[in-house]
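In the two complexes below, subunit A is the common chain; its partner is subunit B in one and subunit C in the other.
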Partner chain A sequence: MEFTIDTASHVINFLAALLLLTSFAMLAQRKIYGLIHLFVWQGIFLAANTAFVGFMADKSHLFISAILTVGLKVFLLPYIFYKLIHLLDIRKEVENVVNISTLMFIGIGLVIFSYYLTSPVRELSTLMTRPTLAIALASVLIGLLMIITRKNAVTQVIGFLAMENGLFFAATSATYGMPLVVELGVALDILIAALIFGIFFFHINTTFDSLSVDQMARLKEDEPDE
Partner chain B sequence: MNLMNNSDILFLFMAAPFISAAILILVGDRKPAPEINIAGSAATFAAGVALAIEYCAKGPMMNFGHLFFVDALNIYLAVLTSFVAMTTAVFSRKYMRQEREHGRVGHAAMRYYHVMYQMFIFSMILALMSNNIGILWIATELATLATVLLVSLYRTPTAIEAAWKYFILCGVGIAIALFGTVLVYFAAEKVLGEGGEAMLWTNLNMVSGKLEPTILSLAFVFLMVGYGTKVGLVPLHNWLPDAHSEGPTPISALLSGLLLNIALYSLVRCKALVDGSTHTDFAGSMMMAFGIMSILVAGFSILRQKDIKRMFAYSSIEHMGIATFGFGLGGPLGTFAALLHLLVHSLTKSAVFYTAGHAALMHGTQEMDKIRGLFKGNPLVGWSLMLGVMALAGMPPFGIFTTEFLILTATIQQAPLWAPFLLIGLAVAFAGLIRVVQPMVSGEVPDYQKPVAAAHLPVLVHLAIVLIIGLYIPDFLNQWFNTAVEMLK
Partner chain C sequence: MTINSLIIEALQIILVIGLAPAFAGWVRTLKCWFQGRSTPGIFQPYRDLRKLFSKEVVLAHNASWIFRFTPYLLFGTAVLVGGIIPIISVDLPLAATADVIVVVFIFAIARFFLALAGMDIGTAFGGMGSSREMMIASLAEPAMLMAIFTVSLVNKSTSLAEIVQVIYNTPPELNPSLAFAFVAFILILLAETGRVPVDNPATHLELTMIHEGMILEYSGRHLALIEWTSMMKLYLFTSLAIAAFAPWGIATKGSLDALPLAFGIMIAKLGVAGLIIVLIETGLAKMRLFRVPEFLGTAFLLATLGMLSFFMLD
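Up next, the complex of A and B:
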């Protein structure tokens, strides 16, 4: 198959748009199952983009990165999540997310902000992926927004992993990926983090009888004097 | 004939904690585990000292295909890290044994505790010795991961809450730092070409003048927020008092005394790089602003604390603020003082945490209202707490007085407008600390006070070193600092 640079950047932009779309969908998704599905899709788009850029730019280490993404974020982590959700019996849990429309507007604001912030990079970069760096930063920030606004431990973790997706995407957009040793190390860290998150879910669930972090309000600064 | 070259020593330095962790997995909760923990930490320290001697003899070096390096800045922090890790292991032996007898930690938790203790040391040394900014990031994240479940070791609701906050906030912070790292790599790749070589500190510093200033400024904002979260700078400090007060005391001592240093070390290296590119005081001013804010907010927060470890956690924020401010101020005097401050703060803060742990064990609580009559109950613990807090508050002749005085002098010379704020922060923190220590040590022994099997040696050694440094700075230390100051200019 032959791609001109022009078509290639169209494909890359399209995949980036899909990635951003999943970020927004996650922001609005209230069901835990739905969130995991969205996370899987985000992983697929991320891996597809990484592999495609690797193919176009002829960078073999990006293929390894794409395979890692598929293995970790499309199969392993969602599998762990499914298992945990079954074990903890929170399949049907629906979260109260207030003001989804406001969240959407904040999200749009973050996208615009990201475009503004990354403009110096776009001017200097010569890569075909350069327009997507703003989208990468936007998905990092939307993940952050999700962590802040959600009160369920599992959702917060998915927000955290969505942030990591954004970061991997950023590395591909800005520099065709970081050196392999670094990408491997980051992937290892995420794996360990996921295991610890899993242990944590059990601790939180047994201690607080639910996975809502709302009840974690004992360590406050302004306790009334007894 | 020299039997070992420096690569071997560096390898041993990093392998010692790793191998100790592996042995401790097998040993588990059996009787000699704490002793093995001490032996492993001592071996690490010995290798660190050997490496320092090599450094003194041969100067800066690079090992394993440029992946690791030794220079004045990291060797000093590495020796400090392994030293405090060793003394904390000594303290931890008796302390954790008593916690085990009180039933606060179980069988499996003890195994986990010792293994992760060594993994934590390993990750900190990896972060320090790594020449690659990507690996530095990975190691810093690894250090967080190793300590998260140590903070929640007691499984109380508050401990789990503290650990969760620590995990999420530091995870987010460090993720933002990774974005900054990507931007640095983006700028470096243009000059140094693609691949691992463009992520090495030694290469980056050589070409820092050619790196694009706008990109590096942007990167520094992300790095500042990211690593700043781990340093515990206000307003990114929310996790720190919780994590430092809810975990086992040896871990509090290591988090406050060592991990904060590592995060600040990363930030300082980034600052030197950004300064080399932008030639403005952009990075410096940002660090000064974060620093002064931390000093002020932490100073006033100390006044409101009821929990002894929580109070010392706020004091860590204050001291990290002072060091960040000093590095931001820059110049030979400011940087020198900030470097020295990291050393004396580490030693003092861990010593104070040890005694706070002893006092908490004696009274069965960390509430300062309930801790009374230490002079009469256990004079050594009482005096250690008294002297430790005095040193921490910045009383002469202890080392912290020296560094705070130097930073204040440098501020008045270079940035007089900041001086009043600095002075207010220092004064408030001073008053806050001294105010609460007096009732704790004096007075009658309350009836609920129990005797404690205290490890006095680590406390006394730390305080003695801080006292000596307050009176006289050894030549080799002076030389290292001057070289480091030269590097960070």
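Up next, the complex of A and C:
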């Protein structure tokens, strides 16, 4: 099948827009299972985008990254989260520090900010993926926003992974992906991080009887709540 | 302006007035099928309207002219908008006089008077309905304008007739801006026409009604006109969505020969649009009033993302 550069950049832009949409949806999502489903969708869009860029730019190592993304972010990590949530019997509603409408406006602000920030790079770059760099940076910042505004440790970790998705996407759109060795290393890091997070969840849960990070402000165990 | 375009204009207005109850009936019929009920048929709205027109009007003693004037004004605004939106043809004399932003504000006039009329008698439900309606309107309108701005930016015009022409003359492509604006527009359509997640058109339950609360005091031909208007509003919003996002099949030249085909395609599109509306309605439960700002906030967000991605991704 033959694609012109024009059509290809349309497809890439569309996938990038969907990625941004899932970022916002994750920001707005209340239910923890919904959050995981959105994370799966983000992984799918990311992998599709990576594979498509790989196909168009004729970079075979991007296919390996795409396969890695699917295996890790679409199947393995969500499965681990499902198991954890089931085992720890976490409350299904996600709590926010800031209300959702305000979060949305901050999110839009971040998108505009990253557009402004990446505009010099857009001028210099000649790749067909260059318009999506702003979206990649915005996804990173929205992931960060999610970590800041969520109270529950599991959702903070999902925010961290969403941030990593954004970074991965930034690498694809800025330079057609990192070298394969780096990507393999990052993938392994993410996997190990998820396992360590899982162990941490267990410890936090047994110590505080909850995964809400509010509890961690207490210094001693017997100190009464304010 | 030729005599043909005047005929087309007249035909389209007659079509909007005449076909709106059938479209409302089609949506209700589909909904009955989805819920496993037997249906009164798609012509039931016509029978309802005939019954209401034959009944006498009961007015409260303290009803002012606003209360009596509002049904006619509502009907008039709907007819006017029906002449502006390209439904069967783009060659409309009225379409050149007003763009899509004017359409939004014509609807706003109608809503303003309906809210006043709801408060006019001074019953509790009327005031409650009006206040809720205005709350929803204040959220839906910015979202609607944002979606429209996105469409206008992509197609480089705010006039609906020109938007249709531009879509015709450019090859169809995957445009994220339009996709976002389309989803936002569907959410706004549900809110503006009082469909399920926001308001329930089939209930008179005191605590939940919005539109029904405002028109509770109306009777006879006044009520008939208001009901007719809300059917036309559903029809017009659907047509607006079709004109702005998928106008293929509409008659572009000012000849009468193209009209039968355009009419057939329009019927098919409306059938599909009704199906989409009913699928959404059946799949969702009516949400609490205080969740509505989030619902419309999502619409606003999607429309804004559409606009941003227009600038970012070109």
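One rule holds in what follows: the second predicted complex is superposed on the first by the 212 of 226 C-alpha atoms of A that agree within 3 Å, B and C clash if a C-alpha of one lies under 4 Å from a C-alpha of the other, contacts with A are read in each partner's own complex, and residues count from 1 in each chain.
Throughout what follows, a contact is a pair of C-beta atoms (placed from the backbone, for glycine too) under 8 Å apart; a residue touches a chain by one contact, two chains touch by 3 or more.
Quick caveat, the model's predicted, so the values are computed rather than measured.
Student: For the three-chain model obtained by superposing on subunit A, do subunit B and subunit C clash or fit?
Tutor: fit
Student: What is the contact status of A:Ile199 with respect to subunit B (first) and subunit C (second): first, second, both, or neither?
Tutor: Touch partner of A:Ile199: subunit B, not subunit C.
Student: Between subunit B (first) and subunit C (second), which does A:Ile135 come into contact with in this model arrangement: first, second, both, or neither?
Tutor: Once the two structures are laid over each other on A, A:Ile135 reaches subunit C alone.
Student: On the chain A superposition, what angle, as a multiple of 10 degrees, is formed at subunit A by the C-alpha centres of subunit B and subunit C?
Tutor: In the superposed model, the angle at subunit A is 150 degrees.
Student: One more residue to check, A:His10. First (subunit B), second (subunit C), both or neither?
Tutor: After superposition on chain A, A:His10 lies in contact with subunit C alone.
Student: Just checking: does A:Leu76 make contact with subunit B only, subunit C only, both, or neither of them? Give me first, second, both or neither.
Tutor: Neither subunit B nor subunit C is touched by A:Leu76.
Student: For A:Met163 in the superposed arrangement: first (subunit B), second (subunit C), both or neither?
Tutor: Touch partner of A:Met163: subunit B, not subunit C.
Student: In the superposed arrangement, does A:Thr175 touch subunit B (first), subunit C (second), both or neither?
Tutor: first
Student: Should A:Met216 be classified as contacting the first partner (subunit B), the second (subunit C), both, or neither?
Tutor: A:Met216 contacts subunit B only, not subunit C.
Student: Is subunit A touched at more residues by subunit B or by subunit C?
Tutor: Higher number of touched subunit A residues: B.
Student: Nearest CA pair across subunit B and subunit C in the overlay: distance in Å?
Tutor: Superposed on chain A, the two chains' closest C-alpha atoms are separated by 19 Å.
Student: Determine where on subunit A the residues touched by subunit B overlap those touched by subunit C, and list them.
Tutor: none
Student: Looking at the complex, which residues from subunit C come into contact with subunit A?
Tutor: It comes out as residues 173-176, 179-180, 293-294, 297-298, 301-302, 304-305, 308-309, 311-314.
Student: Residue numbers of subunit A touching subunit C in their complex, please.
Tutor: These residues of subunit A touch subunit C: 7, 10-11, 13-14, 16-18, 20-21, 24, 28, 100-101, 104, 107-108, 111-112, 115, 131-132, 134-135.
Student: Going by the contact rule set out above, which residues of subunit A touch subunit B in the complex?
Tutor: Counting only subunit A, the residues touching subunit B are 117, 120-121, 124-125, 137, 140, 144, 147, 153, 156, 160, 163-164, 167, 170-171, 174-176, 178-179, 181-182, 185-186, 188-189, 192-193, 196-197, 199-200, 203-204, 207-208, 213, 216-219, 221.
Student: Provide the residue numbers of subunit B that touch subunit A in the complex, in ascending order.
Tutor: It comes out as residues 132, 134-135, 137-138, 141-142, 145, 148-149, 152, 155-158, 160-165, 167-168, 171-172, 175-176, 178-179, 182-183, 185-186, 189-190, 194-196, 199, 212, 214-215, 218, 241-242, 246, 301, 304.
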